[in-house]
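What follows are several structures.
In the two assemblies presented below, subunit A is common to both, partnered first by subunit B and then by subunit C.
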Partner chain A sequence: MKRLFAVALGVLTAIGGFLDIGDLVTNAVVGSRFGWSLAWVVVVGVVGICLFAQMAGRVAAVSGRATFELVRERMGPRLGLANLAASFLINLLTLTAEVGGIALALQLASSVHYLLWVPVAALAVWQVIWRVGFDVMENVTGLVGLLLVGFAVAFFLLGPDWTQLTDQLLQRAPHGESPATYWFYAVALFGAALTPYEVFFFSSGAVEEGWSSEDLAQSRLNVLVGFPLGGLLSLAIAGCAALTLMPLGVEVTTLSQVVLPVAEAGGRVLLIAIILGVVAATFGAALETTLSTGYTLAQFFGWSWGKFRAPAEAARFHITMIVCLLVGVAVLATGVDPVMVTEISVVFSAVALPLTYLPILIVANDPDYLGDQVNPRLLNIAGQVYFVLILVASVAAIPLMIVTGVGR
Partner chain B sequence: MPVGRRWLLVAACLLLAGCGTAEDAAISTVQDARSAVVVAQQAVRLRLDTRATTPYTQVVLDDSLDAVGAAEQELRDSSEPDRARTARARVVLNDANTVLDELADAGADQMSKADLDRLTELVGRLDAALAELRR
Partner chain C sequence: MTSHDALSHPPVHIVGQLVDARLSLLDRQVVDVDGRPVGVLDDLELTDVASPLEPGTPPPEVTSLVHGPIVLERIFGGRRPDAHLLRIGWDAVAKLGPAIELAAPASELPTSWVESWLRDRVIVRIPGGRHVPR
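== the complex of A and B ==
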């Protein structure tokens, strides 16, 4: 019974923790402009994150070491440093977007300007990281984040026209949208689904929780059930925007517009639930990205790290996180639009993807680390196919961003 | 040619291509304002039906006002050569700013059917301006 509870909890937190501000905003923007014509990217992205997250989880569970500890050792300091620089900067950008996301969600709940919420949000993130245990932190944010299931409820309450949605699935760019914009958002959605911090957090979390080879089945279940269900929520967000905002000619530019279809479908109760869900999802993601900045740097340089250690025993790990949070607050304090930061962060995530995922693919194939738990042949082929896709998305991201003027 | 320089050239070409695809400023700014006003109209309707909360509606009104302000600024900064078109866009953007400013100032808890009608009428004016600008 206890085992079953642990499995259910793991899957539920994986669903609730799947969505972050990047997924919320990008899916709503895409839904309002392209309907469901980019839904295939969500499917491709979810399969990709399942593939690589379970590889990263297996590496951590079998070797007892997290991704970045192995990257430098296996790939050498030069490539390791390139990997570190890209991953760290993307984490920092994503962290800034998530803290901005918490502030925007609190603004929706209170109508107090988001800039006043930014320091409060950052302080709360730091306090939780400093004081709250890893399990409690992960489970509470994941479970409250499940309120985002409200998007799926809203989608069905809106009475989707399945014929129209199926037509959109088979359509390329709708009238008025250029192919370049279509592909720009395809890359952005792909980047949002495969955000690098998810893998760092997943593999470091496995070490924090002391996973071993015996936990591999549960790890696979969390990933293979939880993430696809989270992906369905992404489709529901895009679907809500496609059903409500697209016919009105509204292109999503703010978080308040993302949740408008929910109020339309389910009234106040559902609106309040969704706003709470957005706070939890962005807060959970802010915790994960903050921890990931500490993990990447500490693991690369061989510092003592982990929430399972007292802060005094992992001082540089904790200082890194505090400094990154302060940098995020400083960036947001300039008045830069958090939604714009989010859009840019998912595009740059796509740029950095190869540097994150290549080492995982290599280490997951190395018998020196994994013994007989290396990737099976089929998984390897799938991993390599995905790596080619990741490479294409990475190369295309910046040119598409320039050509389309960030998707305008 | 060294690889680095080749990439720089490609990036410069793409940058120029991006600059070249700049949309008609009068149309794009009115379109942005219309999008913001429609969302405000929907939020006020939901508020009057007690389906949206007061803080949420207030945030939508404030966001919409900001979006219209940004559209006005973008029009001012643009190099739209046709003065008549710029003037047409400016008038309707100014109308939108005035209405949203009054509603946001009044507060979401004070919204009435008359305010919803004002927003609906404003959407009509923005649609008419867009149709005219596209001709």
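== the complex of A and C ==
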């Protein structure tokens, strides 16, 4: 019974933890402009994050080494530092977007301007990191984040026009956008599904929770069931926008437009549930990105780290996180639109992805680290195919961003 | 090129395992007896070798692991004063693997000045700084 409960909890938190501000915004934007024409990217992205998280989790559980320890070992200090700088800055951008996301969701709930919520959100994130244990943090944000299932409820309440959605899915419906814009959003959606912090957090979390080889089956199940179900919620978000906003010619530019279809379909109760879900999802992701700033630096430089230690036992780790949260608050205080920060952060996530994917792929094949737990042949082929995909998306991202003027 | 004979070494009898220091030691995590990160290995110190080298001189031995802020010199060049380096005696090493495991607890090893300063001056002054998050 206890075992079953642990399995259910793991899967549920993986679903709730899958979506963050990047997924919410990008899926709604894409849904309102392309319908389900880009739904295939969500599928490709979910398979990718399953592969990546599974490899990183296995490496961490078997060898006890988290992502940036391996980056330093495999790439050496010079290339490793360049990698660290890029990954760290992009993670900081994501952190800023998530804190902005919490504040925007609280604005929707309270009508108090989001800039007033920003310091409150950052303080709450820091207090949870400072005082709350890893398991409680993961489970609470994951379970409350499950309220985002409301998007799926809204989708069915809206009475989806399946022939139209299938036409979009099979690329038979014109969307009236240029090919460059189409591919720009394909890369953005890919970056939203495969954000690097998810892997820093997943592999470091495996060390935090003291996983061993015996815990691998459980982690595999969480990933392989939880993430695809989270991916279905992404499709529901895009579907809601496609059914209500696309016919009106409304392009999503704010968080209130993301949740508008839910209010239309399910009324006030469903809207309240969704806003709570958005707060939990962005709060969870803000915790994960903040922890990731500490994880990446501490692992590269060999500092003591981890939430399972008292802050006094990991001073530089905690100082890093406090400083990064303050930087995020300072950036948001300039009045920059958090939705725009989000859109840019998902594109740069796609740019940075190969930097951490490649070292993990290499170590996942190294018997010195993994013994007989190295990648099986089929997984390895899939892993290498994805490396090519990730590389192409990474190289194409910035030119597409410039050509399309960030998708405008 | 000199002839091959002039460069050949007297046969060395290896007992135990051969470890490529560059591949398997450099840039690996160093953890204490409880698995707590201590640092990342930046360099090894060897015993002095006589110069000029006489035939039959015994090979140098590893005396200590070096870590700490010198990673910046490894990347950007320059040389840090000797006193700034953090050293751990080779005899403290318990096991080599995905990490270099030590037999001693971190409290008995030299600690980074920045870490202890931040701990004593900042972290423990914030309420809850000494408590493990639960």
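Basically, the second predicted complex is superposed on the first by the 404 of 408 C-alpha atoms of A that agree within 3 Å, B and C clash if a C-alpha of one lies under 4 Å from a C-alpha of the other, contacts with A are read in each partner's own complex, and residues count from 1 in each chain.
Throughout what follows, a contact is a pair of C-beta atoms (placed from the backbone, for glycine too) under 8 Å apart; a residue touches a chain by one contact, two chains touch by 3 or more.
All of these numbers come straight from a predicted model, not from anything done at the bench.
Participant: Please work out whether A:P399 is in contact with subunit B alone, subunit C alone, both, or neither, and reply first, second, both or neither.
Facilitator: first
Participant: Answer with first, second, both or neither: which of subunit B and subunit C does A:G64 touch in the superposed model?
Facilitator: Second partner only.
Participant: Looking at subunit A, which partner touches more of its residues: subunit C or subunit B?
Facilitator: Larger number of subunit A residues touched: C.
Participant: Of the partners subunit B and subunit C, which touch A:F301 in the superposed model: first, second, both, neither?
Facilitator: second
Participant: With both complexes superposed on chain A, which partner does A:P247 reach: first (subunit B), second (subunit C), both or neither?
Facilitator: neither
Participant: Pick one for A:P174: touches subunit B only (first), subunit C only (second), both, or neither.
Facilitator: In the superposition, A:P174 contacts neither subunit B nor subunit C.
Participant: Kindly list the residues of subunit A that each of subunit B and subunit C touches, one partner per complex.
Facilitator: Residues common to the subunit A contacts of subunit C and of subunit B do not exist here, since the sets are disjoint.
Participant: Tell me, which parts of subunit C touch subunit A in their complex?
Facilitator: My answer: residues 24, 27-30, 35-40, 42, 67, 71, 74-75, 98-99, 106, 112, 114-116, 118-119, 122-124, 126, 128-134.
Participant: Mind pulling up the subunit A residues that touch subunit C in the complex?
Facilitator: 63-65, 69, 72-73, 76-78, 80-81, 129-134, 136, 298-305, 307-313, 315-316, 318-319, 368-369
Participant: Quick one: in the complex, what on subunit B touches subunit A?
Facilitator: Where subunit B meets subunit A, its residues are 10-11, 14-15, 17-18, 21-23, 28, 31-32, 34-36, 38-39, 42-43, 46, 50-56, 58-60, 62-63, 67, 108.
Participant: What does subunit A use to touch subunit B in their complex?
Facilitator: Answer in residue numbers: 107-111, 178, 248-251, 253-254, 256-257, 259-260, 263-264, 267-268, 271-272, 275, 398-399, 402-405, 408.
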